[in-house]
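In structure tokens below, several structures.
Shared between the two complexes below is chain A, which pairs with chain B and chain C, respectively.
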Partner chain A sequence: MKHIPHKLMIMLALAATGLTQPVFALTAADTLKQLEQSAKQTDPTFKGVSAQRGERLFKTTHGAEWSCASCHTDNPAASGKHAKTGKVIAPLAPAANAERFTRPDKVEKWFRRNCNDVLNRACTASEQGDVLAYLMTIKN
Partner chain B sequence: MSNKIMVWDFPTRTFHWLLALSFVGAFITGDSERYRDIHLLLGYTMIGLIGFRLIWGIVGTRYARFNTFWFKPSAIASYVRSMFQGKPQHYVGHNPAGSVAIFLLLGLGLLSGLSGLAIYNEIGGEWLEGLHELSANAMLAVVIVHIVGVFVSSFLHRENLARAMITGTKSGGPAEGIQQRHAWLGLLLLATVVVTAYAYLYKDWAPPGLTPLSQQPVATEKRKHDD
Partner chain C sequence: MRFTFQTISLALVSLASIMSSAHAAEHVYSANNVKWKTECSACHLAYPPQLLPAESWRVMMTQLDKHFGADASLDAKTAAEISAFLQANAERNNRATTGKPSLRITETRWFKKEHDEVPARVWSSAAVKQAGNCAACHTQAERGDFSERSLRVPR
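After this line comes the complex of A and B, so read on.
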């Protein structure tokens, strides 16, 4: 390993930990576009997102105990409440909370975690797009 | 050398297995919101257990005390070398490789537990979430190396080290054993963990730092988080 400079080693070590992962700030609309793009790539029959489908996905249960609304409530422009711990959750709708859906790493992380809780599986990109499309129709 | 002597006192063994179970449980429930209550409980239990172990490492019996397994780097290197050569040096108490695992596990367990508690109470920023995940993942890595090391050492020494952590006995000279097992303290530790879990999950009670499940935690700073 002598040929690898120390600085590079440190950077590699940090990169492996994810601490230096670049964070690109987007708008929620950018995020929606990205989800649509990856939906198109993974599913040739994809015909665009639907806020209606998203609302249904958000408000109903899918074989598990909870729906998205169990914590985020039926009004995503309002604060939510963790169904287990009671913890206050900041509003999910971008109109009420401008930080939502602006960071790809967090979008990925929370869809991964929460879809598992609600659907017992990962969400597809088109499902994520549907939910975001629904959330973006909500006015504050 | 063939005498069975008592090496690990009861509280040390109780601590070891409770910490192992708490960590595995907390790790498994880490990605879930449905088991968030259990995750919080187990993380909190880890902090409490390690807090106990830090005290027991000072006032405990011979082989539980930190000063009996605080090795110089040269001793650690020499032990690992002897292990790779297939004839590891024999230690009645913790061997130098095991001691490294212990200090790493205590440190990482405390770090992941306390960062988790801070996140739950909304103290500190988003960087704590990164620290929380990183320390938990690092702890899992150390646990795996620890288990592999125990297997290898057990095989090479022809002495089942995992069983020794259950029975408390290892082979050694008669004068090397500990006098007191402190069974009551071990039972008290176990009872504290069980009663805390029962009261938190079923009786809507919370130890300091956690909030009863029916109540909202008091946000100490800004109310801003993602889950």
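After this line comes the complex of A and C, so read on.
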């Protein structure tokens, strides 16, 4: 209950400034819930996310040149570096970077791109949930 | 009257083209688009549209899912806006070039000519690593300023 008036305040403030898109639409926990729901809908055998599976997916390669960690490093609370361009990448763990996993459009875009680069295919909702569950276990 | 008007128009057009070529000679590019800046700079410097001909940008923006070895795909609306911006502000001096347009800025004739004095050891140095890393030497590249005065070649 505590969160609702706060969110409402943000929405009102944004409406007042004329911005149509809230900057922080969700929390990472909300995003995880949505991924879990979507996994349940697409896979009747889905039994919940696993941070352990997520960590394995994140840190190992899957037939392609890069793993997630190639750019985001083995420590998602730290800044990463694009494996090709060298561009600094802000930390991925929500504890270290509150903006992460708060915008559904960005979540969709980056899972689409990066799963294609790392696994040569799209990730399932369950896999995305595993990775986010892992990232949410990281303390800053 | 008509003659005067034509003369003035012609003078204005010439002046505009002189100004724009002077601008290009300075190597400072000011064209801006929020989506271009945001999306391109998510992975690398938002390379100014003036660095490639329109055809190169057009082709590149149709194959973002295979963008120099990475998936850089965008939603169709964003891709269309960025593509239009890139093409509208693209390089215009090399209209006569034949064959397939290069998608790599570093493979263009102008790039090679502008950088022919740069020794191999600079390209391979830890600070530069690859030719697409403009900001290693062009310290104001993020602002579209590739002028000589902002150039600092790492030792």
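One rule holds in what follows: the second predicted complex is superposed on the first by the 116 of 140 C-alpha atoms of A that agree within 3 Å, B and C clash if a C-alpha of one lies under 4 Å from a C-alpha of the other, contacts with A are read in each partner's own complex, and residues count from 1 in each chain.
FYI, contacts are C-beta pairs under 8 Å (C-beta built on N, C-alpha and C of every residue); 3 or more make two chains touch, one makes a residue touch a chain.
Because the structure is predicted, anything quoted here is derived from the model rather than measured.
In the model built by aligning both structures on chain A, chain B clashes with chain C.
In the superposition on chain A, A:Ala90 makes contact with chain B only, while chain C stays out of contact range. Once the two complexes are overlaid on the shared chain, A:His82 sits against chain B and chain C alike.
In the superposed three-chain model, the partner touching more residues of chain A is B, compared with the other of chain B and chain C. In the superposed model, A:Asn114 lies in contact with both chain B and chain C.
The single stretch of chain B with clashing C-alpha atoms against chain C, selected from 25-33, 79-87, 151-159 or 169-177, is 25-33. Annotation: chain A residues 82, 84-87, 112-114, 116-117 touch chain B in one complex and chain C in the other.
On the chain B side of its complex with chain A, the touching residues are 31-37, 40, 120, 130, 134, 211, 213-217, 219, 223-227.
Taken in their complex, chain C has these residues touching chain A: 43-44, 65, 68-75, 129, 132-133. Those residues of chain A whose C-beta lies close enough to touch chain B in the complex are 17-19, 64-66, 71, 79, 81-90, 99, 106, 110, 112-114, 116-117. For chain A in complex with chain C, the touching residues are 82, 84-87, 105, 109, 112-114, 116-117.
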